[in-house]
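Single-structure report; data block below.
Per-chain residue numbering starts at 1, and chain names A, B and C are given in the order in which the chains are listed.
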Amino acid sequence: MSRIAVIGGGIAGCTAAAELAAAGQQILLVEKEDSLGGNIKNYGCKADSLCTRCNLCLVDTVFNEVRENQAVEVTYNTTVVDCLQEKDKFTLITSDLEGEKEVDDISEVVLATGHTRWSELETGTPEIFQDRRIIWASDFEDMLEQRQDQLSGQSLEFDLGFAPESAVFLQCNGSRSLQEKAQYCSRVCCGYNYRIARVLRENFPEMELSMFFIDMQEAGFLVNLSRRDLQEREIAYYNCKPLRLERGEDSLTMHYEDQKSGKMATIETDLLVLSEGIHPGPEHERWARIFNLQQTEDGFLRPIWSPEESKVYLAGTVTSPGDIATTIAKSKTMAYRLLETRQARAEV
Amino acid sequence: MSGSIAHYDVAYIGQALKNNELSQVTLPASSLTECRGEIGNFTLSYQAEEELDQIQTSNIVINLPHQEELPVEGCLSLTGVGEEFLAEADGDKPLIIIQDYQELSAAALSQRGLKLALQAKSEDPAREVYYFYQAMRFMDNNDELYEEARRQEVIFLKHDLGELEISQDGEIFYSREDIELSLSGELVVAPELKPAAEVDRLARIFNITRGPEGYLQVDNIYLQPTLSGKRGLYVLGGARGPNALTYQQEEREYTLQEIKRNLIGVEELDEEERSVDDQKCVVCYTCYRVCPHGAIQRDEELNSMQIMPLACQSCNLCISRCPMGAITRSGEVEEQPQSDRQVIICENSAALAREKADFDPMAGLEVTEVPCVSTVKKEHIYQRLAGSEGDLLILGCISEACKHLTGHDRCEQVVSSAKSDLEKLDLDPERVNYQRLSPRMAADLSAYLTDWKGEVLQ
Amino acid sequence: MIVGKLKDVAEIKDMLSEDLESLFIIGCGTCVSVSLAGGEREAKSLRDLLELYFRSQGRDVKVNTATIKRQCDDEFIDSEELAISEHDVVLSLACGVGVQHLGIKHPGKMILPGVNTTFYGRNSDVGEWEEMCLGCGDCILDDFAGVCPVARCSKSLINGPCGGSQDGKCEVDDEIDCGWDLIYNRAKEIGQLDRLLSYEGPKDWSTARDGGVRSHKNPEFFSE
């Protein structure tokens, strides 16, 4: 029986693989790292006393399904370097620790290699990132995975070497910016930083919290971020991007234009949390070439022909930024389309 | 009898979604009187002309428009103005668009506002267009529309930076430190969106739990994007939630694809069989009312409740709440506790956290994994305490993150009632613990269990 | 339906004598099951709780349960005759009717009540009941737009509300709806406001408790 190749073992790839396998298909899942999970592997729960709808609860079951389902073969430490198409079948050239291999009898390809986080692109001013008071939001994810405040009742521990009394979140960092070649909105940062701020507020009622936005976004199917939410939790908000950062010995000073008065103003903080825009994955040029796809102006992938014709299905953030829920929903939709096409073909 | 009833792939309550492949029927919400059956085979009764009629359908989509409330009396609604409005406009009067007047408007309303502003400029470039807003929200090409509108000299004013007042006769006063404005013109305001009409009645007919503000979708991550608690029933638009307008496209695509998937074949969600003993059932409807998945109905012939096997999502809540013990499941085993350290864990949270931990934090504990902690009956708690000298720990999901929507809350109710009864008899209520966690709290779980084991051993 | 509420376990415990050796808990499978007070679930969990308690006291008390369809009819009780005779004490989870009926059938047996019979009511939400009827024996709902002034006005007034009606709530407790507010609104809704204008004479309470203990016969079962 020919197999469906799913490239990428993050939540998009695994959702597709799990859905397809559940429907009786045989799957080859190609993962470039040594375990499943992709970007969200080590994210932490962002609940305060209530669930904040970060959607992480949904993902581990999916990864387990993929691991446990006999119909899915997962090859780790493997990348796809080329693809040959003959009649109705693909042959993938994969590369793993032992060298290159040909995998034939592939009927469809689901491409789900995800995105790159802005922090991984290593642009910007290096000396800033050596300052332990300036961190990426994703550093918080690791801290939250280690949190012991819910059950054990311990206070949230910062892996920073100091306990901040104030924090500023900087939104629209790495996207919505001409300079950073990403004019689009990444659509996830408002949501995650708002959730992180909520966890901080719950643990440290006295902490001073502020957020700099260009605009507040709707943060997914369920989280409709509003000014009132921020006010209720005493999170100050500034409708602008700060213009300058000054690193003093005692604190960081953010200089910004107060939009009300039109004058420059400053805010001091112990900790600066940078949001990070979602950028196209590093292999997009290769995928475009070997699977006959287009890249959008922003570098994400776009099909030339419909997947029903090309048999190449794009799932998750390869096409555009999205949160976990959107990624799962999009990926399921692709899997269902694939199944539908298969069934239609079988009936003919 | 059922042979004569028409069967469709999907029944729309409200507006149909465009597609050519599915057989479909559309029923107005107000005509609907009853829903029986489950995914693949629902029977809907509705009022047709003079008499009651029925159809059968595999899937149901409730797609109703939001009800709108205008925050300003006498103004026009952003969703209600079409091209003729601009064509007939008096170019000497400025066009004033306001979004986010009280609460932030949906991104879809930003898009309509921007398009309206651009249309007005293309009809008459000389016309003044003012656009008051707080946040320009992204979807599709909103950013391009916004840039274009700026180029076309639409005047954007962030009204939360100053004071915006609208007088009774529609005059606008806006002031902030550097601006004083007094305007009158044609006022178009983004409406505030409220749940669709009839959602109350529909919630009752379909026996689904209502979410915040009365929408038909409970605010729960397991129900995204358009699922209801009931399999095969989808809620869209003004039936689903306040930001549904922004996700119209996603709602549509996902729902249609899910329906097509269902048509390939739907299977029971687990292998266990749950059945109601019709001799014991007193038709009190408790199971029907507590079922988070609308999976129970009355069997008219037997006059007893019945669990619909495809609709059942296996939480066991009905079993633990049945006053007559009339509901049983095939896999249920009466077990006697073997140890003094017993833990009951939910397979969707604690069991996953356990797997993620570096070392098994539950080593040495007697662990029972359940599909939902709502499986736990009060008598289970007492039996386990009686069977050992040790403690009992129940681990459910974070508040509002339960796959079975109300399951973990229902368990907490049972536990706290049991604890209060223990206290009344001078028995130690601290022997029973209920805690909540998420699958990603492996570190927290390990630390907590280390402490707990230590305490129990003392 | 008759609505009941399981008694506080401490109260139940206090009813049981120190030298008790065996206890038979009998649930009732009709009204009090539906009002989640005295069905099989309550009987079994009470059994398990009491067992736990007796054990903690170092006492060896045998506790058994059965739940029968109705404790107010002979035929259902008969099936438990042997079990009843084998236990020192019976704890009935029926309404007051069932407890007494068991007593009549088993003259020498101590029968204890495990449930407080609260009222005749309706289910108003999951796990929630509301009083609707007082059983006065002379229904006057037709005169009051179908809302009972006797049961739903805290003072059983039949000629309009008292001065304590505030914003639709009762002065006895602001959680209680004013019965007369409900009567007025419903009468308005169905166009019967004019019927409220007529003066109602004093209610004849002889059909209620004031006429003494009540009983009645269905004439179809009796010949003159």
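By definition in this document, a residue touches a chain if its C-beta (ideal position, glycine included) is under 8 Å from a C-beta of that chain, and two chains touch if they have at least 3 such contacts.
Note that the structure is predicted; figures quoted are calculated from it, not measured.
Ranked by how far their CA centres sit from the centre of chain A, the chains are topped by C.
Of all chains displayed, B has the C-alpha centre closest to the centre of the whole protein C-alpha set.
When every pair of chains is scored by its C-beta contact pairs, the maximum goes to A-B.
Annotation: 24 Å between the Cα-based centres of chain A and chain B.
For the pair chain B and chain C, the distance between C-alpha centroids works out to 38 Å. Inter-chain centre distance (chain A to chain C, centres taken as mean C-alpha positions): 59 Å. Of all residues in chain C, those touching chain B in their complex are 8-10, 13, 29-30, 33-34, 36, 39-42, 44-45, 47-49, 51-53, 55-56, 67, 123, 126. Those residues of chain A that touch chain B in the complex are listed here as 23, 43-45, 47, 49-51, 53, 55-58, 60-61, 64, 144-152, 154, 176, 183-185, 187, 213, 215-218, 221-222, 224-228, 239, 259-262, 325-326, 328-330, 332-333, 336-337, 339-340, 343. Touching chain A in their complex are the following residues of chain B: 103-104, 106-107, 134-138, 143, 158, 160-162, 176-178, 219-222, 224-225, 241-243, 246-247, 250, 253-254, 257-258, 260-261, 264, 348-349, 352, 355-356, 397-401, 435-445, 447-448, 451. Contact residues of chain B toward chain C in the complex are 280, 282, 284-286, 289-290, 321-325, 377-379, 382-383, 385-386, 421-422, 424-427.
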